[in-house]
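See structure below.
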């Protein structure tokens, strides 16, 4: 399995995900692009500020990639996650997987995001017209 | 719902999907990239040749987009599909949807591909070392 | 003498190879269903029915066997699709 | 006199704001579990326990309360994560 995991304060590039996971052995690439929304419960969001425990975040992402490879025939996993300030409409995370068949690729990419949100030590503080607060996971 | 549907004999561009579906109202873009594989059942594939009944293919894709919008809160649907000769490693189809939340986006994009393969009048002929034949759907 | 409608039949994929043409004209009875058209196509191109479970589209929509074919309809022979 | 280990505690997100530092040094008993460290942190920063259900990582791995903290361990306070 090929792995490309990165945290970055620079804007994310979709094409890197596409180029990394594409191979002529894999008929299906599924790419998730997580975009910062401009509102939450009707309140306008001005920006998010992401903080990460970088070495542990990369280690947890690698664990997730291995969990995926145990369950689906995935040949490449790509995750780039932003740190620092990210504005509405910008990508906070781009995750991609490739697999010979599409059902596996969809399931694996959805699982990757579920797990990322459960275990990877990254935090976001949300800045709105009402103030700022650390986002807590919704069950 | 925004719609962008196209059949094209030119190489597909991932960034167009990304740009089209991204909006600050939607936290989740899911993009499927269907790549031509270099082998089938151990036999080397040299290329595929796609043929489409273009006006009906676009009409069927539009029906699928409306089926999706009836089931999930999807704000944009993008499908670009190749026609003509496509080589292993190249994209035959790029499909993308955007939704406020990721579960909806994953489900809608997977459904889109399932339906595309059932109803949209596009055909591929597969050229291998053993000869050429029209691909028939696998149940 | 029976009234006839002139229709155009489009052929795609394997159907195009069986008929060896992308489209042909066909005179059909004024009252003719898709099912009756299938019988005519079967006589013209026996290989169509032997080799292929195809659908018929009328004016770019999938049609049922019971549907009546309108004058000037665009008819298409739709082999099993394999896009994506 | 009891033997002590010096550890570094990293603070992230809301924990960083509560402790008002990205990291601090702490002397803990040579035999000290994660659960015992939590009690010490609670005394140092009562708001940690009142406001936050946090995890503890040892050397960049999630740790259980029973786990013994090794000398020179990198300890981190991990508030509920919210990446993605």
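Some notes on this structure:
A, B, C and D label the chains in the order they appear, each numbered from 1.
Rule of thumb we're sticking to: contacts are C-beta pairs under 8 Å (C-beta built on N, C-alpha and C of every residue); 3 or more make two chains touch, one makes a residue touch a chain.
Everything numeric in this text was worked out from a predicted model, so none of it was measured.
Without subunit A, the rest of the assembly breaks into the touching groups B, C | D.
The centroid of the Cα atoms in subunit B and the matching centroid in subunit C are 27 Å apart.
Chain centres here are Cα means. That of subunit C falls 74 Å from that of subunit D. If you average the CA atoms of subunit B and of subunit D, the two centres end up 49 Å from each other. Contact with two or more other chains is made by no residue of subunit C. Across the assembly, subunit A contributes 34, 113 as residues in contact with two or more other chains. Taken pair by pair, the chains that touch are A-B, A-D, B-C.
Remark: subunit D residues 10, 12-14, 16-17, 57, 60-62, 76, 78-84 touch subunit A in the complex.
Residue ranges of subunit B in contact with subunit C, taken from their complex: 34, 50-53, 55-57, 59, 81, 92-93, 113, 116-125, 134-137. Put simply, subunit B touches subunit A in their complex at residues 14-15, 18, 22-39, 88-89, 91, 98, 100, 102-103, 105-106, 109-110, 113.
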